[in-house]
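The following pair of complexes shares a single chain, chain A, combined with chain B in the former and chain C in the latter.
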Partner chain A sequence: MSETYLTWVYAVARDLDPAILVSVDGIGGGPVRPVADAALTAVTGPVPAGAFGGEALQRRLSEPGELEAIARAHHGVIAAVAAACPVLPLRLGTVYHDDDRVRELLAQRRDEFAATLGQLADRVECGVKVWAGPGALAGTAASEPAGPTAGPGGRDRPGAGAAYLSRRRAQLAARDDRQLRAAERGAAIHAELSALAAAARRHPLQDQPPAATAGQEATGQMVLNGAYLVPSAGAAQFTAAARAVVADLAGFRLEVTGPWPPYSFADGTGTEDDQP
Partner chain B sequence: MTQPWAATPAGAPRMAGRTEPASLADILERVLDKGIVIAGDIRVDLLDIELLTIRLRLVIASVDRAREMGIDWWEHDPSLSSGARDLVEENRELRERVGELEAGAAAPVDEQDERRRAGARPARR
Partner chain C sequence: MTSPDGGLATRAPQPQVALVDLLDRVLAGGVVIAGDVTLSIADVSLVRVSLRALVMSVRAEDRPDVRPAS
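Up next, the complex of A and B:
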């Protein structure tokens, strides 16, 4: 019996030499194939319809082990192509019935893809995450909520209630202050880094620092989750500059990832952020 | 530079470099949240996957590290492996949980998630 295959699309590339795909493994160790239309090439691979159609795909992606394997394979193909030519990474899970449908896509959106690929050529993405350590965002006054306020000696309930409300207000105000300072600091660092990049994006902050595991204490509050598009040859320089920016700030910690294929700029180098 | 990309395909040795190697969490953040969205022929509800990653973030940020330590409990945790469970039911639970989290103390972060999700719908053409 013959198995039906669907076409998984990893990326759209320009000036791709199809020969480089021969040695690249796709999802499930499958082959990676070019689907070309003029100067643009969709980087695709066949995936079994039974395992990757509709609900089966959804189920597969909901399984952490499967999700990891697919995510790593998807990224691996995109990274391999990005090392050779301008590439537009596609969101994981873009699947077509067959190669002809992919050709239609390329034909329909040729101008848009070509324009974006022009912006991304010879550029890579660096990821920068910055965390504020304990105390780094503390205010000059009332940074921490006070303990039980010494009221007028336990006279009656209304006094205790008022003390509670007052304490609660102070807690909320301190939290608001910290949030405000976190936002300000994140914006300031982002502005400095953006000045060093061709384009920049702020992504949603993450609630869990990467080191907060295996018994380690949480390392602080994330204040910046940014992506910066820099010249391929300038990634090391950007990384050093980013480290220098944060090294000047007491209590802040930085992590630089990449260089990445330009995932965060696949819809162009406009300045819109994931967050305001 | 021996390896221009921080990619660490399964089984490949990690390259020492200036920057941290690409962790699973970093890869997931990019392949699930970034990259151009094109409506293919097969519908995948990215919102559901995003909800999944919100929960996964609570544990998966350190999957690489945990695996190095020989810990693979999430592969056997029924709440993390859907198995035969009904996805609809699971998604309902997730939405409730996310609602609780958003109502909780980490409000600013969760508001961003909310905004992102609110923005994610129209972006899906």
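Up next, the complex of A and C:
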């Protein structure tokens, strides 16, 4: 009853001491193993083919509980390696038939991996999310009508329909203004933070919690979801600087996450954004 | 997580990985390599969307189900 296994690839690392993998749990609590090729090591683990091949993997990733478990295990391995040596995380769900295929991959893309690892060495990723609180994106009083203004019996007044349309147009215009200002603020803050980092990326803005759609004053509107590549020793300094940038802006709130392994910079330190 | 306080940029750093931030990275970051087992990117995107809904509902309940970043 020998079960067939596939090879899950977590990351590619440089100068990895394979001994650190012994105490690391992979997906499903499985082992984590090095597949080495010269100075580069693919960090891999066996996963059952029946559960992780093709459609089975797709199905698994479609189930939120499974996806969360896999995502956390994938991250756990990458974070453990990142604590020890330069690491290039692989996109979740990179699976090969066997270790020999992984060796082929390393041989084929050795130069590219080595170059990117060189850019990421001794650097970490800090995540910065910024929200605009109530009023932070409001325009002038004239462009922000304060709700219905028609008094009792207003409906019966001649021209009430036109007044409604005018009011509605103003409301929509105010909302557009707010979106525009949110985008401008997000871009401006991103530019300031980018100047403090070796490289920067923007992730798509995260959805509002459903509960917040009726009460955005609780969470605010997200205007920036950024990732910044900074020296490992400079993460605290970057965090403080980021807080200072946003502290100058009335009504804005930020959250810094990380330090993360350099997930968002797996293509190196080029400056193109994930989103336009 | 993002507790609704009025602290504006004065809160302590969060030493925890929120699922939504993790998914931003493991599903959209990392080197993309065509392995032997192919995943449809479109389907992964759908996963991301449906999972986000779950994450948000969890977040609304403020479940402390997160663990250290590294």
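For the reader, a short list of remarks on this structure follows.
Rule of thumb we're sticking to: the second predicted complex is superposed on the first by the 242 of 276 C-alpha atoms of A that agree within 3 Å, B and C clash if a C-alpha of one lies under 4 Å from a C-alpha of the other, contacts with A are read in each partner's own complex, and residues count from 1 in each chain.
As a working rule, a contact is a pair of C-beta atoms (placed from the backbone, for glycine too) under 8 Å apart; a residue touches a chain by one contact, two chains touch by 3 or more.
Quantities reported herein were computed from a predicted structural model and do not represent experimental measurements.
Annotation for the three-chain superposition on chain A: chain B and chain C clash.
Of the two partner chains placed around the shared chain by superposition, neither chain B nor chain C is touched by A:A191.
Shared-chain residue A:T94: touches chain B and chain C both. When the shared chain is aligned, chain B and chain C each come close enough to touch A:A71.
Contacts of A:D267 after superposition: both chain B and chain C are touched.
In the superposition on chain A, contact is made by A:G133 with chain C only, not with chain B. Of the two partner chains, chain C is the only one touched by A:R253; chain B is not.
In the superposed model, A:L172 lies in contact with neither chain B nor chain C. Of the two partner chains placed around the shared chain by superposition, chain B and chain C are both touched by A:H203. On chain A, the patch touched by chain B and the patch touched by chain C overlap at residues 6, 9, 52-54, 57-58, 61-62, 64, 67-68, 71-72, 74-75, 79-80, 82-83, 88-97, 101, 105, 109, 116, 127, 203-204, 206-211, 227, 239, 255-261, 263-264, 266-267, 274. Of all residues in chain A, those touching chain B in their complex are 6, 9, 25, 52-55, 57-59, 61-65, 67-69, 71-76, 79-80, 82-83, 88-97, 101, 105, 109, 116, 124, 126-127, 175, 179, 182-183, 203-214, 222, 227, 232, 236, 239, 255-261, 263-264, 266-267, 274-276. Taken together, the chain A residues at the contact with chain C in this complex read 6, 9, 12, 52-54, 57-58, 61-62, 64, 67-68, 71-72, 74-75, 79-80, 82-83, 88-97, 101, 105, 109, 116, 125, 127, 129, 131, 133, 203-204, 206-211, 218-219, 225, 227, 239, 243, 246-247, 251-261, 263-267, 274.
By the touch rule above, chain B contacts chain A in their complex via residues 1, 4-10, 18-20, 22-38, 40-46, 48-49, 52, 56-58, 60-63, 65-66, 69, 74-75, 80-82, 87, 90, 105-106, 108-110, 112-113, 115-116, 119.
On the side of chain C, the complex with chain A involves touching residues 2, 4, 7-11, 13-14, 17-33, 35-40, 43-44, 46-47, 50-54, 56-57, 59-60, 67, 69-70.
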